[in-house]
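Okay, handing you the structure first.
Chain lettering (A, B and C) follows the sequence in which the chains are written, and residue indices restart at 1 in each chain.
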Amino acid sequence: MKSSSAQLQLSMTQYFGLQIMVFGAISFYLYPYFVIHATGHGFWIPILIWMPLSLAGSWLFSRMLALHQGEDAFSIVKRELGWTGIVLFILPLIWFMWRSMVVMISAHMEIISMAILPTTPAWVIAGVIWIAVFLASGGIGSIVRTGMIFLLVSFPISLALTLLGLSNVEFSLGKPWLHTTGDFLFNRKFYASSCIWTGYLYMAASGKFTKTPGKLWKPYIAASVCFFPLILGTVYLPVLTFGAEMSRNLTLPYISKMDSIYHYWLVIENLTAVFISSAMLYVILTLALLLHMIVAALRVIFRGWNDRWLYVIVGAATYASTLYVPSWDWIEKAVEWDSPFHLYLMYLFPLAVIVKSLFSERKKSHP
Amino acid sequence: MEDQHNRTLLQHLSYDKQNPLLLSLERAFQNAADFQSVCVGHADEKQIYLCSLISLGGSDHLKFHMESGQGEALQTNLDSYTGTKYTVGDYPACEKAICAGKTILCTHDSSSGIILDTENPRQRGLQQPQTENVIKGPMYSFNEHYLTNIALVRQRMQTPRLKIWETTVGDITRTKVGVLYLEEITDPGLIQYTCDKISRIQTDGLQESGEMLRLLNPKTGLFPAAVTTERPDRVSASLLNGKIVILLDGTPFSIIAPGSFFDFWESAEDQYLTPFIAVFLRLLRFMALMMNLFLPGFYVAITSVNIDVNRLEISLAAAAGREGVPYPVWIESILMLFLLDCIVEAGIRLPRSISSTVTMVGGVVLGQAIIQANIVSNLLVIISATTALTNFIVVDYQMGLVQRILKYFILAGASFLGILGIVFCFSIIIISLSRMKSFGISYLTPLGPDARARSSSLGLLGKSHHFSLTNWLNIGKGELP
Amino acid sequence: MKTRLHRMLLLGCLVVLTLPLSGCWDVKDIDNRLLVTILGIEQTSDEKVRIWVRIPLPQSKESAGGGQGKEFLTINQIGDTVVDALDSVRMKLSKSLDLSQIRTIFLDQRLARKGFLPHLEFSIRDRMLPLDTLVALISGDMEMMFDKPYPTGELSGINTKLFFEPYAGGTAQKNLTNLWEVFRRYFNPLEENLVPVLTQDPVTLFKLQGSGYFRGDRMIGMLSPEETLIYEIVTNKMVPFEIETAQKMNVKILKSKAHVHAEVKGNKPVIRIRAKLTMTLMDSASGERIDPLSLQGSINRLLEERATRVFERTQKEQSDIFQLGNHFRSLLPASKYDQWPELYRSASIDFKLESRLENTGLQIMRIPSINPSTEENKR
């Protein structure tokens, strides 16, 4: 048995589970909209382009974490770059995480009010943040354990929904498969669609709980490969059922697709409710992960603050700001505006830290 | 008793004029009606006394000899003692010994006494387990006597590697507590942790192992921290599995530590059946758990919030059943569930002969009448009956009680936000489970960091003779230390 | 010990606080809702919309035993739009009108000829209706559909749904159309809608009249049930179905597999359709010996002729109900998708059927002396 003082250790399987949960929380709501609007056809190309790019990013990120085993990304930045690093990277990262929380909660709030609870006020549903605060305040061990259970519940559901979505699919609607004009490269929505590939950034704080942080890109790869069929499904199931033209006219193509499934043997009539249920599990866990990360980041800046109060403060701030989200359009725009921002964090941030550490090491060896 | 012998025996006693033992004992047990100190003879001009609690100590071990002494009066003298080897103790030891049912032999002015093992424990015989019935398997269970229980375990595990660490807990009750473990199999850290925790318990008294569990794991809240069992076979299986067992004097229930949420769904019987049947049974129990927790909530959700989740036919049937019911669905459900819990509780507390009548009256008559009086809908009666039934499938009694409470919690969530409320309540339950620790180990044990790592020194992991969820569900075990 | 007690108290207070909260917002008990199962939309003479809703009334055991209560409730209401009319209906009702369980939408044929979009748009925007709702056109009086009880009993929404569903009363000629399909074909320039048309029947309340084909959101013509069969064959939606041949023989189509080959030759779409049918003989009316080859030939001829007729008609009206345009997605540039109706008119379509009689069924051997065939009998 490990004594309580010893550093808690996470296995690669657990990181894999966390990554899957993060994917589940960020890829179902806005992603299909972005991809369908980014290009006219051949949707798998913009989907597939980001995957290897993000793998490269995750490799860089894990290299950065490997610089100092047993420390989170924030302490590493502070150690390598000092206050410049904090201003250049940690503050943007906190902003990014806070923004993702707000977007995630308000998007799901909209989905819920559109699909199952039309008249319930937003402030009730936004209360999900307090569940996440409860979870996050239990520490990373509690987050991981909950994550495993949630994974066991919601991932099979997502998988089953994707399989069920294959009913009424007409493959001729997906044509042309191979032809592409590359038009998406000039579309802002294509860059916004990279938001689901930021999963490894969510491990900035929890990356310290392994003896081999250099290998953290492996669970990320495994998770993205495992989740790839579901990501394809979010885009292609509506497209192959409704056609690209109609999908473009729907705010939430994937939710509508869930709504259109009917089978005589299917006990549950409204698959949207099932989908939302599983999505909420993903969201609760990812919110907790984000909260844990923000608190870890804040602790690097403000040492000696009480953890519990930090959680409550961050939770309250997020809760308040989600209530100020004006509309669905704002959520779409917010992710678009943030895209240069998260691209900067995905690549430049780990790269800068690694380069800096290389320089300082060279300086040490050749004084 | 022969004088020669007598004299050597009495030589063990020490003398201190200040604190004669007899006086101190008599003062201590003043007003205790069952305390007895009798003079049983003389030796070297000293009166020899026997002190004991007659309610506990049996006189079977002592033989008296009656003779006519000086004068004509008959004199009773202690003739012989049969029993284990005696020990000599000072006042505190003698006081404890008397409380444990032993007899003290001392002279009127000695400051220490000879402790004779004369206790005659009151215990019932070995019986069938009351709470964990099995169809196939050993049919006897622990009783309330500590040593008997240890003996039952020893009989099953004839190895010197079975170690017992003993202490007493409770300033007043001085309940004997034993920690059993198998050397080289059980994680030493766990033993250390547990013994440390037990010796730090500060309490006046201890009656039952459930109380002990709460003292050891104060943060577990609603859920029981570990499985308690009265089955010696389950205890020895757990010992082999690297767990520790805490036995308590005065209760047949022993604690198997550390506990995990999934342990509560394992029956002792599972290991005696073929794996397929065991898997089926566990699946059955799992489904029962799900139904018991979620069915009432689900009913409320689909009849008052998310109407479109189920088929139209069911909706119409539910609407028809509710025709004329004056209360909202959630009040109706709480009412019915509460009533049903009352019936169950009444059935448990009453003598067996009456309890069947109560069930009859409660279940059939009340159920029929309540529908006809249009207070609840007939669909709800089906739901609540199923809920009650599935509650009895739970193997562990403690967990069954927890479930009874949790279903109200989920019902509250469902009547608030429908399906989404159920999901929220479910996640809150899971989160609180994940935050819990039992004996320093994750309560969701096969999952997550801090899970119980089984020692592989015996090769138990490889052989996998033990059929447990742990072996099947080895996700995220964490790195072995 | 004290803190735990406090926590318990806090928890208890929270629970007590939440209890009065329930009953707000979306919490509406099922007996306080009226579940609409069919929505009918028709146009009045003064350009307004008249909606019909049919609501099954729950029948509890006790009330059914006593008075023969009404099984359903029908309400009609005129309004400027469908939503407006629904709001007016709500004003009349003592219970909440719930559209989430609608199973069928009936559209008046006249309304469909003017364009259905303005009247159906609300459904997708509001997400009030489930997207798997069936859509059917009604020719004739809408009132007849809503006023009478169903001969097979109420649960009317289900009744209309079962009429189409392959697991119940659906046959190949009843072309099941979901709401989402209607919208997909409207939005997709490469295909057009084909929606079943129902008409009144004195006994069973309604029967199939045919299928209306659309251009955009306007119905422009109707196919007969026999012609709808071609649609089912080309789009591979065939369910086992019996047809009658010219020789008065009934064959059952067990399987059908159509393969569409599309190419563009000099700005003109060329479509070749090869369909394979597997059949079994059901009944031969005349009791003659059956020659599989000639039977197959006659089936081929029958269906091919029918197909040619249907293709000609739809091509003339530029209504590609067969979703042939989707096969040209990769052959045409996206900018040309909108011109598909014209291209479809000029397309050359070649439909070849290959039918195979799998077995002739159990036959009673004809022995002239015992059971002579009917013709011999007459002689």
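Operating definition for what follows: contacts are C-beta pairs under 8 Å (C-beta built on N, C-alpha and C of every residue); 3 or more make two chains touch, one makes a residue touch a chain.
Keep in mind that what you see is a predicted model, and the values were worked out from it rather than measured.
Visitor: How many steps does it take, at the fewest, to get from chain A to chain B if each step moves to a chain that touches the one before?
Guide: Between chain A and chain B, the shortest chain-hopping route counts 1.
Visitor: Report back the single chain whose CA centre is most distant from the CA centre of chain A.
Guide: Greatest centre separation from chain A goes to chain B.
Visitor: As a quick test, compute the distance in whole Å between the mean CA positions of chain A and chain B.
Guide: 46
Visitor: Chain B to chain C: how many Å between their CA centres?
Guide: Computed from C-alpha means, the inter-chain centre distance equals 64 Å.
Visitor: Between chain A and chain C, what is the separation of their C-alpha centroids in Å?
Guide: 41
Visitor: Pull out every residue in chain B that's touching 2 or more other chains.
Guide: 305, 308, 417-418
Visitor: Listing for chain A: what residues touch at least two other chains?
Guide: If we look for residues of chain A contacting two or more partner chains, we find 116-117, 120, 124, 269-270.
Visitor: Which residues of chain C are in contact with two or more other chains?
Guide: 26, 130
Visitor: Can you list the residues on chain A that touch chain C in the complex?
Guide: Residues 40-41, 114-121, 124, 170, 172-173, 175-179, 241-243, 245-246, 249-250, 256, 259-262, 264, 269-270.
Visitor: Give the list of chain B residues in touch with chain A in this complex.
Guide: 187, 189-190, 193, 305-306, 308-311, 417-420, 422-424, 427-428, 430-431, 433-435, 440-442, 444, 447-450, 452-453, 475-479, 481
Visitor: Any idea which chain C residues touch chain B in the complex?
Guide: Per the stated touch rule, the residues are 15, 18-19, 21-23, 26-31, 33, 35, 37, 56, 58-61, 63, 98, 100-101, 103, 130, 155, 157-158.
Visitor: Show me the residue ranges of chain C that touch chain A in the complex, using the header's touch definition.
Guide: 25-26, 124, 127, 130-132, 165, 167, 178, 180, 183-184, 186-189, 323, 326-327, 329-330, 334
Visitor: Give every residue of chain B touching chain C within the complex, in rising order.
Guide: 303-305, 307-308, 312-313, 315-325, 328-330, 412, 415-418
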